[in-house]
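Worksheet for the structure shown next.
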Amino acid sequence: MSKNVLKVENATMQFGGVVAVNNLNMEINEGEIVALIGPNGAGKTTAFNVITGVYQPTNGAVWFNGEKIVENHPQGKMKKLYKGEHAGDYTNVLAPTPDKITALGMARTFQNIRLWKSQTVFNNVLIAKHCRTTSNVFSATFRLNKKEEAKQREEVLELLKIVGLDDVKDELATSLPYGKQRRLEIARALAAEPTLLLLDEPAAGMNPQETEELTAFIGELREKFHVTILLIEHHMNLVMDISDRIYVLDFGKLIAQGTPAEIQNNQRVIDAYLGVAEDA
Amino acid sequence: MNKNKQKTIFTAVVLAVLLAACVVLDMILPSYHIAITVIKKATVYSLVAVSMNLLNGFTGLFSLGQAGFMLLGAYTYAVLTIPMAKKPGVYQYFDGGAIPFSVPEVFSGVLGETVGTLLGMLFCLLLGGLLAALVAYLIGLPVLRLKSDYLAIATLGFAEILRAFFQWNALGPITNGSNLLKSYPVFSKATPYVVLVGLMIAVILLLITSTYGRAFRAIRDDEVAAEAMGINLAKHKRMAFIISSFFAGIGGGMMAMYMETVAAAPFKSALTYEILLIVVIGGIGSITGSVLASFLYIFFSEWLLRGLDSGTFLGITAPGIFKNGFRMAVFSIIIMVIVLFFRKGIMGDKELPDLIDKRSRKRKKEAAE
Amino acid sequence: MQEMFPYLLNGISVGGQYALIAIGYTLVYGILRLINFAHGDVFMVAGLVMVYATSSMPFYLALPLVLAATVLLGFTIERVAYKPLRTAPRMSVMISAIGVSYLIQNLAFYLTGGVPQPVTNPIPWISENVKLLGASTKRVTLLTPVLTILLVVALVYLINNTKIGMAMRAAAKDFETAQLMGIKINRVISMTFIIGSFLAAVGSMLYFTNYPSVAITSGGMPGLKAFVAAVFGGIGSIPGAVVGAFVIGLCEEIIKGLGYTTFSDAFTFALLIVVLCVKPTGLFGEKVTDKV
């Protein structure tokens, strides 16, 4: 039995009257690649935002490496609004900002690419190392951290080589073609030295060949960086190829979970999702 | 020779030439000469413009509180350095003021006249910067949570509050109320200004190119991504705000030196606007640009375009048109043209060493053709 | 209480004048998300034009001229300084606004020679003194709140019941969609500036009637205060701006009445900072969230 990395318990996210994520329960173990799928608007990205601390959930809790990092109980206006079955189960409010969660070892990419536009490819990755720096602003300004800086630069170069972006390292991030920008986002997330990597639609907008390359690439990441991966994806080939397990969301609710084979044969999933959508 | 080395040498040569020119000017011209005045004022403006650029250009925090922090620095410097003998005259409405010492004199007592006065002056400049930094910390707690234009207006408002506070009669024994502070020691030559400001800008440059500076720029480019990559927004914004205010405070102290009198009146929002426009002219995100623009701005407005105000310009005499205020009117039109049509300013986001890049690129291009 | 009464009276009057300026800020912010830093200077120019116009022609000709000139100025500023920057980052537009403010002040300095222009009974009748409950005041003090309310009611009617009003609401709600739906966005924006400048001109005439002179920096403070009023009320909301303006006008005069004149300006900004930190959306503002 391998170690539990992420556990989401009864997470609910309500925006006014809309329940974007409803009572979500998930568990991810060390070394797994887990996919979160579902039709558009099913609440996948919202779930990501809850896990990474961008949103404060209406109710529920998140554990990371055995430590409770997010917990919330409905309060104020939400108290009246929230009528979920787990109302009252959670009594604390733990809502760390995303940077704290990243510091704990979780890093993500974005669905709509969010690279730092005015920075080079190299710097985009190097900046993600900032959260691991031990120097303070004085030692950094007066260059007392030369060793650390040199080490970080070396690591970044290494990382860029692995993801195949070392030849464009001095170009502006936004001048890269789309597929490479997505790779850069992944490289940037890896630079933050995560144990859990969250990928939000890494293959969005890619053609079949690029998608295939990416599938292999994600598989390699697990080996090379010893990361556990949670990904949101619409390309079913990719999902079925690399996932160990799959969670399926529909209208904010978890409707199925299991291995790719189980999901492919699950009637509810087929009804909700696969049955209507052509396999991409 | 590799390019980095080339760049370093280029930069060093340019800076050395400038410094040498300044020293020479100091030797051959009297300290009241307009050239010396221009250098002094422009260096002070450079420092403040660079400090503002650090915040507005590099961190993307649109703050308009610069004048307030300069005011803190200016008052700190003036209040602490007025010689004991001059106090009864300066604080004539407040019984010689409430502060029973003068820092440069205290220092002189220990270290001797020359060294003591100099160190005392520098120490008071530093204190001004530290006070500005402290106040920035306090103000930042509530204000930095605000988004772009709200932040701008809140910092602007804060600077106005400070100004009112310093004019308050109850603080008169320290601030002299709405009367002038004067007779404090100043540098009369231009070189000390250039050296001091040069050192401080060098520190800011080092900061900007350090890992923290990169984090600032990440916040400017995309806050959400920066936070997701582990950059603590609150902490880094506060840091940028405090550091920028520290240097604005020192700039304020040097402004006090340059002006030789201090009152709250010049530290209005108009001063902040002026500095902001200098930053824009130079290029938001370029330290070199801010410095260059400060010098151009001061050179044009204090010297070259003087004639526009006094009847004769370029040999044309037309007292009806070239009267008081024409210079600034022409100037603000030029600024609007830059703001509207040359939004990148003089330098864009390039720095001094990058200039050699362009040249070598051009040369390479020529070679290829 | 008796000695406070004139201050309260004055407060309501100043509040009304701030309200007229604040609407200009709030309308523009509602649509362009821009703090129009030049609005206070437009207000000042209206005062200057009034001084010049009333001294050279009868007031029934002068007043329409002031209104027309101010409206033209507001319209021109938008066309020249803001329209070219429609797609530029917000910071550029704000800088342009500051640049315009700087330009107007410097031009005004040049034209007036930097001398404050004395206001000498520009509009008959309204600057005459009257007695009310034992306090002596100018008629304009009493007239201002009434006129303000009338104008605001007319404006709200315009926004809620006319086609251009509907277009303005649509543009405030969602600029891009409104554009896609065939709303002539530039016309809407011009209209916003015209209305804002018109109201500022009215406010200016009322305001400067109560003051001895118009200086080139006279617009800055009332402009900023009116902006604070707009923020306080919830920027984008017209009733909010009006309520905020009256609150600020009253508080300011009460502080003066208590003998802390030095801090009457500072108070406004302290209020601003408190409001922004406690409830950034103001009294009636809508909440906007960023999408990740």
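For clarity, chains are labelled A, B and C in written order, and residue numbers in each chain start from 1.
Heads up, the rule we're going with is that contacts are C-beta pairs under 8 Å (C-beta built on N, C-alpha and C of every residue); 3 or more make two chains touch, one makes a residue touch a chain.
Being a predicted model, the structure only gives us computed values, none of them experimental.
Q: Which pair, B-C or A-B, has more C-beta contacts?
A: B-C
Q: Measuring between Cα centroids, what's the chain most distant from chain C?
A: It is A.
Q: Counting in whole Å, what is the centre-to-centre distance of chain A and chain C, each centre being its mean C-alpha position?
A: A distance of 48 Å separates the two centres.
Q: Measure off the straight-line distance from the CA centroid of chain B to the CA centroid of chain C, and report it in whole Å.
A: Distance between chain centres, rounded to whole Å: 32 Å.
Q: Round to the nearest whole Å and give the separation of the Cα centres of chain A and chain B.
A: About 44 Å, centre to centre.
Q: List, in ascending order, every residue of chain A touching at least 2 other chains.
A: 54, 110
Q: Two-or-more-chain contact residues of chain C, please, as numbers and ranges.
A: Where chain C meets two or more other chains at a single residue, that happens at 292.
Q: What residues in chain B touch two or more of the other chains?
A: As it turns out, chain B has residues touching two or more other chains at 224.
Q: Hey, which residues of chain B end up touching chain C in the complex?
A: Contact set of chain B toward chain C: 56, 62, 142-143, 145-150, 152-154, 156-158, 160-161, 164-165, 167-169, 224, 269-270, 273-274, 276-277, 280, 284, 323-326, 328-329, 331-333, 335-336, 339-340, 343.
Q: Chain A touches which residues of chain B in the complex?
A: Going through chain B, the ones touching chain A are 203, 206-207, 210-212, 214-215, 217-218, 220-222, 224-234, 239, 243, 285, 349.
Q: Can you list the chain A residues touching chain B in their complex?
A: 52, 54, 97-100, 102-103, 107-108, 110, 114-119, 123, 126-133, 135, 137, 140-143, 145, 149, 152, 188-189, 192
Q: Can you list the chain C residues touching chain B in their complex?
A: Residues 33-35, 80-81, 84-85, 88, 90-92, 94-96, 98-103, 105-107, 109-111, 113-114, 217, 220, 224, 227-228, 231, 262-263, 265-266, 268-270, 272-273, 276-277, 280, 290, 292.
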